[in-house]
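Below you'll find the structures, each written out as structure tokens.
Heads up, the next two complexes both have chain A, just with different partners, chain B and then chain C.
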Partner chain A sequence: MNPAARSADGSRRVLLMLLLPGLVALGVTFVLPLLWLFRASFASSAIGAFSGGDWTLSSYETVLTDPFYWLVAWNTLVLGFNVAVFTVILSYPIALFLARTESRWRGVLTALAVAPLLTSSVVRTYGWMVILGDQGVINSTLQALSLTDGVVRLTNNSFGATVALIEIFMPYAILAMLSGFGRLNTQLEEAAAMLGANRLKVFTRIILPLSLPGVLTAALLVFVLAISAFVTPRLMGGGRVFVLGTEVYNEATVTLNWPLAAALSVLLLVLFSSVIVIYQRALRALEA
Partner chain B sequence: MVDHHVEIEQLVKTYPGAQKPSVDRVSFSLPRGEMLALLGPSGCGKTTILRMIAGLIAPTSGAIRIDGRDVSAIPVHKRNMGMVFQSYALFPHMTVARNVSFGLEMRKVGKTEIEERVKKALDLVKLTGLGERKVSQLSGGQQQRAAIARSLVIEPELLLLDEPLSNLDAKLRDEMRDEIREIQARTGVTAIFVTHDQDEALSMADRLAVMSNGRLEQIGTPREIFDRPQTDFVATFIGAGNFFSGKVREPGVAEVEGLGELRFSGEAPTGSSVKLMVRPHRLVLDGTGAAGVNRFSGTVEHIVYRGQTLTLTVRCGTQRLQADLPTHAGVLPEKGGEITLAVAPEDVTFIEKAAA
Partner chain C sequence: MNQSTPFLGRFAWRTLLVLLYLFLLAPIIIVFIISFDTRQYLAFPPESYSFGSYAKVFANPTFISAFGRSLIIGLVVGLGAVAAGMLLSLSLARHEFRGKGSVNFLILAPFLVPHIVLAVGIMLVMAPIGLLDTYAGIIIAHLGITIPYTVRTIMMSLMSVDRRVEEAALVHGASPAMVFWRITLPLVSPGLIAGGVIAFLISFDEATISLFIVSVRTSTLPTEIFHYLEYSTDPQIAALSVILILISVGVVIAVERLIGLRRAL
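Showing the complex of A and B:
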């Protein structure tokens, strides 16, 4: 073996050694549990999920034939879509401002925008229950002003879950957008203005197209987070909002039907992957 | 009829919170078709002036007139000026042709006319056939050309260029320097460009406006600026020079301490203190060795060989002279040797507005 080849071989070995700790950690904490999840989804009982046991498609049969699970999957997609759209719409102006401002408070403002992440999403969900609940801030104000007779239902339904999720995910969306706004720069806006574009044209022809990759990334992130959420839909939905996250939790901890919980999880994974494929196609179309 | 196309009058820009103005009472004017260089070190206010003319920043006071009409109140998108940015600022999400057609689309020009004019503009900057390329597929020089085409296709009142050559490598810089000059001459557009590079300014511009600390130091043709600098700053900023302080003994003759009598051109009152400058390449080797007008004998202290020229440091009396001699000038001096240098009185410049 010549020296060059040997050194190439050596550097590859070093590379492998550097990768090894991460690979082992990922293998133990991610790949193995995922494989076990697949295995469990084909088991006939919770016991069978652990020991060798038998293989059966019955959990998938339940998931695919029971209209209830179709409804749950549909609810999940609708919730994810609504949350993603509104989170992006509400976060976009904030992210755009933070990306473009030359204020020396920019760092502080960015920190403030993501500061809600310092509080657990469970606590923030309870916060929304206080605001939106039947005896909450909004309802008691409306009643005090005699604007309504009864209670306006803002919680224990998907509206409450959607509102809480939007607020909870906004910091993530803002961060994702900021990282995706790399191609924006004020000089391009100045160039467009010099060529005769007014402020609206500068926005529609320059700012918007150049910020789309960031918007898309944020939308994907929020969608994925929303369809896998279960604490907020469960608390804000009061057991009346059925999405894949809450159902997996139910089957796994209440009904103890682990194979069914595993099959629903696999369904969620399939949803994830299809969304990511769509996202990548869209991103490539944008950049072409 | 106004004879000046562009007139800048008493232009001032003071940024909020700043102690002193970035641009301080600057006035100059350009006839139609002229190319003016705003030259100065970074932070001298030259880019601020360019951006005020463009309408990208508002002046604190003063007027910017185009054909006699003050444009200060016209918003940037209605000013009809072409700007080539230092980083080119090409739109990365559009093809080259779309970049060039952008200004025409904003002006609602018809489709067929747009096509025609874009093609013409691309031909002008030698990017024929590259219209469908993405911006990222162009080289630095091609991006520069695309940026020029984009700003010229709208037939601007005035072409503004911000450090147009600073992002190119040395070889491309020479090429684009000629190219920009040629395009400007061919289109006849009045142009102002900002640069910190004196070679660039001297070789490209019809006239130079030299700036320092927000003030206009001197404006004139490259020759005037180089040969007849009026201030200390211009004299030291442009080219190398030997500087002498002296006292005028009689018209055109100054007594320089440690050197002797120095005859100069320009009028200075007898008895006043003057600052004089001699460019190193105006000093010539005097073979006769005889004493006479502006002849100085001394010892060669240091020699640097530069190919076409030889840079000498010669000690004459208590003064040190720097001389650039052509290397083909017969027998070349050696270190430690005694030589006599001479300079014609026309080549000794009296710096009029020097701080005494």
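Showing the complex of A and C:
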């Protein structure tokens, strides 16, 4: 063997050694689980166990024929839609401000807007349980001001879950918008103003169109995060909000019907990917 | 009229921003206030203030041991994800090979799959081989979701390294191993630290996947809080939440001081 070939051979061995640990880790935690998930969704239901065996469509039959799961899928889409729309509306002013400001507090304010990301979603959901709960901040205030007699139910329903998810996903939306707002620049706005456009016109004709790609990316991100959320709908819903995430958890850990949990996960994955595909089509159509 | 409109407009704009920031930070602010309430049950506003809830957290053996487990799991995950991420980044940044595109895709792919779907898959894979509710199981699961982040931060550092420095060292007789330890590794250390910190925080805060694969033996702090909240919302959790928030903030400030958050993220 000539030296060049030997060195190429050696570098291939080095490369293999570099790649192997990470690829094995990702294979074991990502590729294998997804394949096994598909396989398990075709297994006959057995309590708390799955280890191969026969192939059947019975779990999919349950999911597609039981009206309850149609309701769950519908609830999931409605929750995702509401959360995406309101998160984007509430995040847009903050992102616009952070993208355009020349304040020396810009760094601090950006950090403040993104910092909630660093706290566990369980902790932030607890914060919303405290604010919206029956003895929580809002109900106590309303009663202290004698505005209501009884308790206004703000938790244990989808309203509470929606509000908490909106706040929890706002930092993601702000980050997505900030990186999508690259084309915004104040010179263009000044030029338009100088040429006689009023503030409303500057906003609708310049700021809004230029920020639209960032807004769409944020909406997509929040929507896919919201339809796969489970911790917040479960805690804020108090067992009365039925979305795909909570039902997957129920089947996996309470009912122990693993093939059904797998089939519901596949359904969630299908919803997830179709939304992304539709979004990409829409974006391409928008650009063309 | 003409003069007052911009002023009014700016005032309304600022008020809107303040309100939105308040909404965004509301849970953290409220949890902070509630954590000092003396009463045993959830109510607002607090009647009197004390550290009682904090004392109860530190006297609660369930939370203390879960905290310890979360810390150990987070540290191992942080180190493991940095090591695997470093090797993957080196191969992607320094080598040309067939299938590089596929490797790149595989590294990014976990970003594209909901955690709850991965959680069910990991649970199904781990159940028959007895990895459920073990340290090995939870650490492997967390490695899968953190390696993509460490690869990203380390790749960014590697890209900014001037390769001529490495070549100069090689020309002057340093062995490849020596170049790696003495030149490359110190130069990418900001990326390593940032990646490790992010991996630690993700593992430390992660609830979704953990809830599917841990039970009594290896329950982590987020899973313990989750199960506690299914039955009670008392101020003890507020105190615990404040402690967790302070840890996150502390870690982030440490990174900021060490290498600068901008460079890290």
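Please note the rule applied: the second predicted complex is superposed on the first by the 254 of 288 C-alpha atoms of A that agree within 3 Å, B and C clash if a C-alpha of one lies under 4 Å from a C-alpha of the other, contacts with A are read in each partner's own complex, and residues count from 1 in each chain.
In this text, a contact is a pair of C-beta atoms (placed from the backbone, for glycine too) under 8 Å apart; a residue touches a chain by one contact, two chains touch by 3 or more.
Everything quoted here is computed from the prediction, not taken from an experiment.
Colleague: Which partner, chain B or chain C, is in contact with more residues of chain A?
Modeller: Higher number of touched chain A residues: C.
Colleague: Which partner does A:V28 contact after superposing on A: first (chain B), second (chain C), both, neither?
Modeller: The answer is second: A:V28 touches chain C but not chain B.
Colleague: Once chain A of both complexes is superposed, is A:V151 in touch with chain B (first), chain C (second), both, or neither?
Modeller: It touches nothing on chain B or chain C.
Colleague: Does chain B (first) or chain C (second) touch A:G196, or do both, or does neither?
Modeller: Only chain B; A:G196 stays clear of chain C.
Colleague: Looking at the overlay, what does A:A113 touch: chain B (first), chain C (second), both, or neither?
Modeller: A:A113 contacts chain C only, not chain B.
Colleague: Examine A:P209 and indicate which partner it touches, taking first as chain B and second as chain C; both and neither are also allowed.
Modeller: Only chain B is touched by A:P209; chain C is not.
Colleague: Of the two partner chains, chain B (first) and chain C (second), which one does A:L184 touch, if any: first, second, both, or neither?
Modeller: neither
Colleague: On chain A, which stretch or stretches are contacted by chain B in one complex as well as by chain C in the other?
Modeller: None.
Colleague: Can you name the residues of chain C that touch chain A in the complex?
Modeller: Per the stated touch rule, the residues are 9, 13, 16-17, 20-21, 23-28, 30-31, 34, 41-45, 80, 83-85, 87-88, 90-91, 95, 97, 103, 106-107, 109-110, 112-125, 127-128, 140-141, 143-145, 147, 151, 201, 204-208, 211-212, 222, 225-226, 229-230, 233, 237-238, 241, 244-245, 248-249, 252, 261.
Colleague: Considering only the defined contacts, which chain B positions touch chain A in the complex?
Modeller: Its residues touching chain A are 54-56, 76-83, 85, 87, 89-93, 102-103, 106-107, 150-151, 154.
Colleague: Spell out the residues on chain A that touch chain C in their complex, using ranges where they run on.
Modeller: Residues of chain A touching chain C: 11-12, 15, 17-19, 21-23, 25-26, 28-34, 36-37, 40, 49-51, 90, 93-94, 97, 109, 111-113, 115-116, 118-131, 133, 135-137, 140-141, 164, 167, 170-171, 199, 224, 227-228, 230-231, 235, 245, 248-249, 252-253, 258, 261-262, 265, 268-269, 272, 276.
Colleague: So in the complex, which bits of chain A are touching chain B?
Modeller: Where chain A meets chain B, its residues are 183, 185, 187-188, 190-198, 201, 205-206, 209-210.
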